[in-house]
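Think of it as A, B, C and D in the order they're written, each chain with its own count starting at 1.
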Amino acid sequence: MKKISVGILGATGMVGQKYIQLLENHPWFEVVHAAASPQSAGKKYKDVLKNGWIVGGNVPAHVAQLTVEDVGDVSKAAKKCAFVFSAFEMPEKDLIRKYENEYAAAGMPVFSNASAHRGTENVPILIAEINPHHLEIIPAQQKAYGWKKGFVVVKPNCSLQSYLTPIYALIAAGHKVEKLIITSMQAVSGAGYPGVASWDVIDNVVPFISGEEEKTEQEPLKILGEAKEGKFVPFKGLTISAHCNRVPVSDGHLACVNILFGKKKPAREKVLDIWKKFRGEPQKLKLPFAPEQPIIYREEPNRPQPKTDRDADKGMAVTVGRLRLDSVFDFKFVALSHNTIRGAAGGGILNAELALKKGYVEP
Amino acid sequence: MKKISVGILGATGMVGQKYIQLLENHPWFEVVHAAASPQSAGKKYKDVLKNGWIVGGNVPAHVAQLTVEDVGDVSKAAKKCAFVFSAFEMPEKDLIRKYENEYAAAGMPVFSNASAHRGTENVPILIAEINPHHLEIIPAQQKAYGWKKGFVVVKPNCSLQSYLTPIYALIAAGHKVEKLIITSMQAVSGAGYPGVASWDVIDNVVPFISGEEEKTEQEPLKILGEAKEGKFVPFKGLTISAHCNRVPVSDGHLACVNILFGKKKPAREKVLDIWKKFRGEPQKLKLPFAPEQPIIYREEPNRPQPKTDRDADKGMAVTVGRLRLDSVFDFKFVALSHNTIRGAAGGGILNAELALKKGYVEP
Amino acid sequence: MKKISVGILGATGMVGQKYIQLLENHPWFEVVHAAASPQSAGKKYKDVLKNGWIVGGNVPAHVAQLTVEDVGDVSKAAKKCAFVFSAFEMPEKDLIRKYENEYAAAGMPVFSNASAHRGTENVPILIAEINPHHLEIIPAQQKAYGWKKGFVVVKPNCSLQSYLTPIYALIAAGHKVEKLIITSMQAVSGAGYPGVASWDVIDNVVPFISGEEEKTEQEPLKILGEAKEGKFVPFKGLTISAHCNRVPVSDGHLACVNILFGKKKPAREKVLDIWKKFRGEPQKLKLPFAPEQPIIYREEPNRPQPKTDRDADKGMAVTVGRLRLDSVFDFKFVALSHNTIRGAAGGGILNAELALKKGYVEP
Amino acid sequence: MKKISVGILGATGMVGQKYIQLLENHPWFEVVHAAASPQSAGKKYKDVLKNGWIVGGNVPAHVAQLTVEDVGDVSKAAKKCAFVFSAFEMPEKDLIRKYENEYAAAGMPVFSNASAHRGTENVPILIAEINPHHLEIIPAQQKAYGWKKGFVVVKPNCSLQSYLTPIYALIAAGHKVEKLIITSMQAVSGAGYPGVASWDVIDNVVPFISGEEEKTEQEPLKILGEAKEGKFVPFKGLTISAHCNRVPVSDGHLACVNILFGKKKPAREKVLDIWKKFRGEPQKLKLPFAPEQPIIYREEPNRPQPKTDRDADKGMAVTVGRLRLDSVFDFKFVALSHNTIRGAAGGGILNAELALKKGYVEP
């Protein structure tokens, strides 16, 4: 089978590199187009990495030799790519939205890692195990923008990907969840590169990440919500409160969670059973990047930990542990996911796999 | 004024060293007695530090030359010391209680850092700004044990010293606090030395500290409780839920706190005002180790942080920040204290100063 | 092909766990015997890991269920194992030698990670790419001890495995190396578990590792030496001076090296060429654990780094960089190897593969 | 005594903040002028710290309220300041030289932390204990530039301040030092703020700092050199080779040093004695920032360490340890200094104190 040609927007940043790394030897996709700022255009990919290849191992050989294209040259991408991954790390959200829209307008589905479009009413924030049906908004989105084949799908903020799947599994099993109090301890790679200054995290914790708590509290409600008349309406009945901290960890976001059920809480064993058996659409469709078991529960008293558990199932599984009764709410537990794999590039790839399998992307 | 002679039990451990360091140049107290295990007895203090002097700077010269005594030789201590600080770090709680009782029985007040006696019904867990009146149980304690001049007073677990004073200040101002959900991020020095293996915390967080959550949830209730018929009765009406994590930080315990008031919550400005103006008995008595302002509020969005704030007012103040409205409870905030100063040796010294000033210790 | 049954002595420690992890799915060997202290004997392997499985991932399923045997029960091992890996981490070297000798006496080749036998005159310190011919001493060793099929082979200290192969490659190419000055920056896993206290390395470097500099200076001379009349005679003509430092890194020992050649130094390009083309016996024999290219040179100005390069070729390659002219000696460069893979368990496995292929081990 | 008014150029950066912090309560100097980029001009100092006050504690109250001035507005500084400290952190060296020259031309002595003027033939690189007489070049410098009262004096790179004073002490005592091989392990604060990305140093060492090895090898020769006809001629007869590494340490540069004497090496006890007794001009003049004992030798086998020794004598002393015989050169030892105090702001202040006391600065 011939592989599908894909492009990476913002290909030289940390997330862009992670996409390129994870897509090496992907069974369906092949990176044929690396787009970056005009200054990099025209040079070989391997020669424009001003901070080097920072994600480990080596630049895949065929990408190293790619000529970097100007991210503004959309038509060039359109000729080569069936779709693109947007890995922009620049702070200007308006500009990101503008670019993503231009690529969609040019007929390319855009699977985005950026936060720019997360608030857009007809753009789904997709976690493939949770809300795969949100892809069904695509025709309405295309109609609203006047796009033919292109569309924009985003993935959520990395901070919530540790705990939202376990919570969703409980909701899907019929248990109403009413309140969540969450404290995250987030890895520095979540801030991109160069991101957090080493001076700030050596022997330290920073109890603040700009904008992160708002995203952690609000994005889940859109993900759990439903589309009505071509617009997503946030889920009601769940309230989330978040503290977000930056800790001296390279990869892996950890969350301490307190959960209050709406009515009768399920038994502890029931919760464990729900998590163990939970499977989503990616598992049913056997998508290449789907973790076999999306939620792994560790019985050890001191797990999950970022160093030991972030790479579970190639970094795509969520690891949960320490489920115990809570004196204030019903239960408390700890959850972890790899922020640059499950929470960024890997999650984006899984979204693209799902959209392809569901027929939204033309190969 | 002649200084009061004091002894340190467990003088070679990390907390013992911290006591010796902090007591150098103390205006009232002088370390004249360093007790450790029998193997160390008879040698000079400076020669028995098998891991070295690990708390920074140099061993105070006069302590370096002290002959270490066997901790079991209580009568030798009784001849020299007006009272002792117990800095035992061994795991056997029964043994610690036995020693502490023997020192009390021999007429010496014991100000303890160990957890062994925290559950004893007539032993106060003392935070000098919060429950100084708990010292009034001493006569009943002495009577129950048949002690004449000696007694045992303990300080609480280091994990709760960041947030309990700010919470108490609100209670003392008349605001009923009903529920607290807390996630701590604790420094490795909280585990003593050698304590946490470096392998476990480099590039990692460990979401578990044995016994710590129980202490964090229960000790505050005793501290906020009242004595009845010579026994402390825990405070009712406050429920605490805690997650305790070990993070790669040397000193300084950070806590993310969600607070639910019992009735009407105070305005944010009112909370800040209460914290700013809060003063306790140590401040009124101008005790040497009393921080001038026990609760310091930082306006910066990203504070407090362990590295920047742990040493506030010589490590004896609690630093608070990020007070904001909470969508699930009423408010959330972040609190920090230095775990080996305020949370251990410094807190113990302040307790001794208070007890002396209140007349419970004979100079 | 039926796999060869092997045992692990000291199976519950960090190095023992690493052996078990690396041997999972080994094409030739299968762990059938896990030996530890008498307290662990009789229980399942998974149940005796008092600090947990600390090397990442999960305990291989078949080992998890193995009944741990008393390390003193040599005959039980002899019935099951073709040979054993010695991963003892206890400090008593005499005891380790005693055990290793007993296993050898019982007919089992012993591939040891411990330092106990490194000074024994007829025990080879083996780096499979450098001195594979040192295995030829085995008959003399067996004769001296009265052993029939058993023998002892050790691997060198982890600190020298970063730079010794690159140096050897130059010597093997005919360039006399006269002096080396080395400063190592070593990972905490080199001290086993719990090993280095976190208090000592957070925000710190410890410029001392007990015994490490002596090993770093002396072991290479035995490795480069030759056997005469059944005893190894150290290499003359090379002098090494080492500083060994402990740094806050989990895995990967880095070394800064200054090299003085005996006569005319080779050109820089010549050195790079020698390194690039260097292949040893493991490569020629295509041993399963042999890195394809034993010495990888990175052109980037800031490489090798522990985090980015320790896993090169599954942790078995040495990565070198920054070869530049030296104003005091001839050249300086930086070298790195993974201390618990190449420098410990992986190196031990490669030694066993070599010995098997060379006919010293009976399957 | 009325304090002397001084200005800080680049007052908002990390080194600028450190100057302000260290000058609080200085007995002779008072910061009255804080200059930064035009964007910050006109606002209060406390309001232009876009990354906050990152050096610990609080902004000194009187500086917090200073109106920041445009660094290009030299005449405004000239009206207020007797001299200025240059703490520029921008990469454009030409621009820094231009500014420093303008301030000097306007009559203000400039004590610079920047590297821009270190290569200028008539600008002294000053370590107050080593080459105080280099100040004597000032009249020639002023003549060459046509300056009246102003001049430029720089301090050397922070990487060499750990080991150069101990080496100089030996030279001053009559022992010719011929060769030095040095490996530094440098703290992240040496790169300013934000400086090193946390991604690069968590669980890692970076064996490269751009330009650092050249400075480490060459600047000492100028410092040890002599002025001839108004120009410094580098010291001959000493050759230095350096490896410079960045380690995950906040403050404190550590160096492993191998030293070869020119002729007969002194006895180990002699070296220790020379270091112990070494005193320089700052000690003789009892300058406020002079450490009492410039070189502190620690007897413990594992010292100096950054965390335990960087603050020795308020961060102004150099701590040395592990002096031992070297098999390749004569001795090896380890040295440490605080890079942002002794190696930056504190060293600059000491230089200013010396110049004032020597009459080069008009109060």
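The criterion applied here is as follows: a residue touches a chain if its C-beta (ideal position, glycine included) is under 8 Å from a C-beta of that chain, and two chains touch if they have at least 3 such contacts.
What you are looking at is a predicted structure, and each value in this text was computed from that prediction instead of being measured.
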- Far-end chain from chain B, centres as C-alpha averages: C
- Query: In terms of C-beta pairs in contact, which of B-C and B-D ranks higher?
  - Reply: B-C
- Between chain A and chain B, the Cα-mean centres are separated in Å by 43
- CA centre of chain B versus CA centre of chain D: separation in Å? 40
- Cα centre of chain B to Cα centre of chain C, whole Å, reads 46
- Message: Please output the residue numbers of chain A that touch at least 2 other chains, ranges allowed.
- Response: 54, 202-203, 248-250, 302, 307-308
- Touching residues (chain side chain A, partner chain C) in the complex: 52, 54, 56-57, 202-203, 250, 300, 302, 307-308, 311
- Message: Can you tell me which positions in chain A touch chain B when the two form their complex?
- Response: 179-181, 183, 185, 202-208, 210, 217, 239-241, 243, 245, 247-250, 254, 256, 258, 301-308, 321-322, 326-329, 332, 334
- Task: Could you pull out which chain B residues touch chain C in their complex?
- Result: 14, 51, 54, 188-189, 193-203, 248-250
